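Let me give you the structure first, and then I'll get to my questions.
Chain lettering (A, B and C) follows the sequence in which the chains are written, and residue indices restart at 1 in each chain.
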Amino acid sequence: MTPRQRYEQSERRRSVIVAAVSLAAVGAVLAWLVPMAPGWEAVKRSFFNWPILVKTFPTLLKAFMLDVMIFAWSLPLIIVLALVIALCRNVRSAALFPLRVFGAFYTDIFRGVPTILLVYLIGFGIPGLGLPRPWNSPYLWGTVALVLTYSAYVAEVLRSGIESVHASQRSAAHSLGLSEADTMRYVVLPQAIRRQIPAMMNFVIALQKDVALLSFIGPVELLRQANVYKSLMANFTPYVGAAIIFLCVTIPATRYTDHLLAKQRAQRS
Amino acid sequence: MATWFHQSLVAATLLAMAAASQAIAANECATGHTLTEGRLTVATGNPAYPPWVMNDAPQSGEGFESAIAYAVAERMGFDKSAVDWVRTSFDEAIQPGEKNFDFNLQQYSIKPERLEVIDFSTPYYTTTMAVVVKEGSAAAATEPTASGLKKLKFGAAAGTTSQPFLAKELQPEQDMLLYDDNADVVAAISANQIDAIVFDLPSALFVTAVQLDGGKLLGQFPVENNESPDNFGLLMAKGSALKPCVDAAIESLAADGTLKQIESQWLADGAGVPVIDMSK
Amino acid sequence: MTRSNDELPASARAVPESLVNELPRLRLESVSKCFDEVTVCDQITLDIAVGEMLCLIGASGSGKSTLLRCLNLLEPVDDGRIWLDNTEISIPGLDPGPVRKRIGIVFQSFNLFPHMTVMDNITLAPKRVLQQEPEQAQSVARTLLAQFGLEDKAKEYPDRLSGGQQQRVAIVRALAMKPEVMLLDEITSALDPELVGEVLDVVRALKGQGMTIVLATHEMSFAREVADRVCFLDKGKVVEVAPPEVMFSNPAQQRTQQFLRRVLQQ
C-alpha cells in the first residue's frame, strides 16, 4: 500500500466513525426528548401499540398480497400502453398526424387528472353503465384507471428517451436500408428504454403505493384492511403496520433505482 | 285570599327551590368538566346522515341522535341554547390529544377493543345488523338464512363494524368490498358490483326507504346470535370526568321512557323485518 | 451493364437515350440542396465510373458531407437528378430502401449502435433488409472481420474498441450489405493521428477489390495516393475535377490553388 492509499483509507475510516457517532447522537437525543412530550403515552397507545400490531399484522400482510397482485398485472399493461402512446407521439409521417394529436391529448388528459379521481370516475362510472358481472368488477376498472394514468407518465418518459437518441443513430440505421419501423425497434427504442430505466423505476415505486387507491372503489387491500382495524379498535397502529409493509417494498426499490442512476452517471463520465 | 296567596307563595317557592336544586345538582355534576364553562359541546359527523340527523342540521333537534343529544344535555342541566355543535371524522374522534367536544355521537358501536383509548357512555340505542338487496336482482330471491346469504357478494361502509361482524358470524364465500361511505356502497349495489349491503338496522331501513331505488330489506340478524348486539354509545375522551353525568342522564332518559319515545319518533320500526335464520 | 432493378418502381426505370451507351455508376445532374436559405450543394454535375475512386476535397462547409448524404437519400435533393446505373434515384417519394442496399455510407463519427455487439451491429441490416439467415449473416460478418483484422472483436461492444477499430467495424457493417458504391464521409477526421493509418489501409484494400468509392477527405496526401480523380468543392459548387497528379501539382482554377496552398502549408 502506498502512503497515499494508506492516508485515504484512514480518512475513509475516520469519516465513517464520525458519521456513525453523529447518527447515534441524534438518535439518542430524539429517543430521550420525544417521550418527554406530555402526550407521548397517549400517542404510543394509539400509534405504536405492540399488542395491536402483533394481532393485526398477519391479516395486513395477507391484504398486501392483493396490492402485489394488482401491481403485478398493471405493470406490464402500463409498459405496453406507454410504448404505444410514445410511438404515437413520435410518428413523423403526415398521414399519421392524427396519431400524434391523439398521443398528445392522451398524455395531457391522463397526467392532468389526479389518479384518485380517475379511479373514482372510471371505477364507479363505467360499471354504472350496467355492465354484467364480471365486467363491472372494481378490480378491472380500477386497474384500467391506474394503467391510463401511469401509461401517460411512462409514455412521456419513453418519448423523451426516444428523442434523446441522437439523430446520427437513425441516419446510420436508415443508411443501411432499415425501414422506419426496424430503425425504431432495433436501434432507437432499445437505447431509449435503457437510458430511461431509472426514471421509469420512479414510477414503478409510485405505482407500488398507488395501487392502494383501488381501495376507494371496494377492494379490501392493505390500506383498507388497516382502515377497518383502525375503526374496529379505535387505534392507528394498523396504519403504522401498513406503512412498515409498504416501506419494506419501496425502500429496496428506491435504493436499487439510486444504484442504477449512479451506474449510469459513472458510465457517462 | 291570604291563605290562597300564602299557599301559592309557598308552592311557588317550593317549585322554584325544587327546580333550582335539580339544576344545581345536575350542573354540579358537569361543572368544571365541560370544554367551555356553562356550555356543552357535542360532536357529530360531517356530513351527518338521516335518520340520525335530518338535513345535516343537528342544531334543529331533528333526527334521532340530534334529539338524543338535546335530551341528554337537558338532563345534565344544559338548555337548548347552551349546546354547541362541532363536526369530527371518526379519526379525529379517536386521535390522541385534547378533544374538541364533550361527547361525540355518530352511531359509535361500543366495542371492548376501542375502550383502550376512548370511553363510551352506557348505550343509548341497541340495534342489530341488517341485509339490503336490490329488488328484482337474483339476490332478492335469496332465503333469509345463513346458507343462502353466504353465497352473496357483500359490500359495506368501511368505518362500520360490518366487515368484522360478517367475517365472524356469516363467513361469506366471496370477498367483501368496502367503501368510504354509504353513498359509495349504494352506488356499488346500483352498478351491480355487489349483491347485498350490511348496515345497522335503522340505516338499512332508511336506505331502502329513501336512498336506494328498489332497495329491499332481506332480513335482520338475530340479536342473540350477535356476540354483542350493536350498542351505540356516546364517545368521550379516555377517563372523561363527564362520564358519570352522561351515564346518569341516559339512565334517567331510559327509566322514564324518553329514549323509547325519541326512538319511535325518528327511527322506523324494524319489527316487520324478517329475522335471518342462522341455523339453516 | 445490365442489372436487375426488379425492386425499383417502374417509374424509376426510365432510361434516357444519352445514358444507354456509356453508363457511369453514378451520375449527378445539376444537383442542388438548400437548408433554409443556404444553398449547400449548388448545381453539382458529376459522373462516377464503375470501380472509380473519387475524392471530394474542400473546406468544412463546402458541401462534401451533404452531397454524400444526398447520394444515400438521407437528404432529399431540392433540384437536379441522380442516377444509379440506369435508374433515377432522385424521384420524390421513391422508397429509399432498395437504393440504400446498393450504396453504403460510413460516417465521420462511426455511428455504431452502442447497445449491440460488433457482430450484431454488422448482421442487423443483412438479417432485416436482405432477409439473410442469422448463420449466413454471421459467416459473412466473420469473413469481413477477419479480412480487416477484427476477428477477435465480434463479441465486444463498440465502447470497448479504439476509434480506429470502431471505424473499421463501421466500414465492415456497410460492406456486409454488399453495396456497389461506398460513400466515405471524413472517416478519419474523428480519429487520433496514430489510428488514421489502419483505417486508410482498409480503404486501399477496398479500392484494390474494385469498389466504386466516393471519399470526402481532408487527407490530401492520401487523396493524391489513391484517388482516380479529385473533385474540389467550394461553397457548394464543383470548382474543378481532375486526376490527382494534375490537381495537386497544376490545378487550373485559382480558387483551387488558394485552397491547396492553405491546407498543404499546415
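We take it that a contact is a pair of C-beta atoms (placed from the backbone, for glycine too) under 8 Å apart; a residue touches a chain by one contact, two chains touch by 3 or more.
The structure presented is a predicted model; accordingly, all values stated were derived computationally and were not measured.
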With chains as vertices and touches as edges, which is it: line, ring, star, complete or other?
line
A count of C-beta pairs in contact puts on top the pair A-B
Compare the CA centroid of chain C with every other chain's and tell me the farthest one.
B
Chain A to chain C: how many Å between their CA centres?
48
How many Å are there between the centre of chain A and the centre of chain B, using C-alpha atoms for each centre?
42
When centres are defined as mean Cα positions, the distance from chain B to chain C in whole Å is 88
Residues of chain C that touch two or more other chains sit at none
What residues on chain B touch chain A, complex-wise?
90-91, 94-97, 111, 113-114, 116-118, 155, 158-161, 163-164, 175-180, 184, 187-188, 190-194, 238
Chain A - residues contacting chain C, complex:
168-169, 171-179, 182, 186-187, 190-191, 194
Chain A residues touching chain B in their complex are 39, 42-43, 45-47, 49, 124, 127-128, 130-133, 136-138, 215-220, 224, 227-228, 230-236
Given the complex with chain A, which residues does chain C contribute to the contact?
69, 72, 74, 96-98, 100-101, 104-105, 107, 109, 111-115, 124-125, 128-129, 173-174, 177
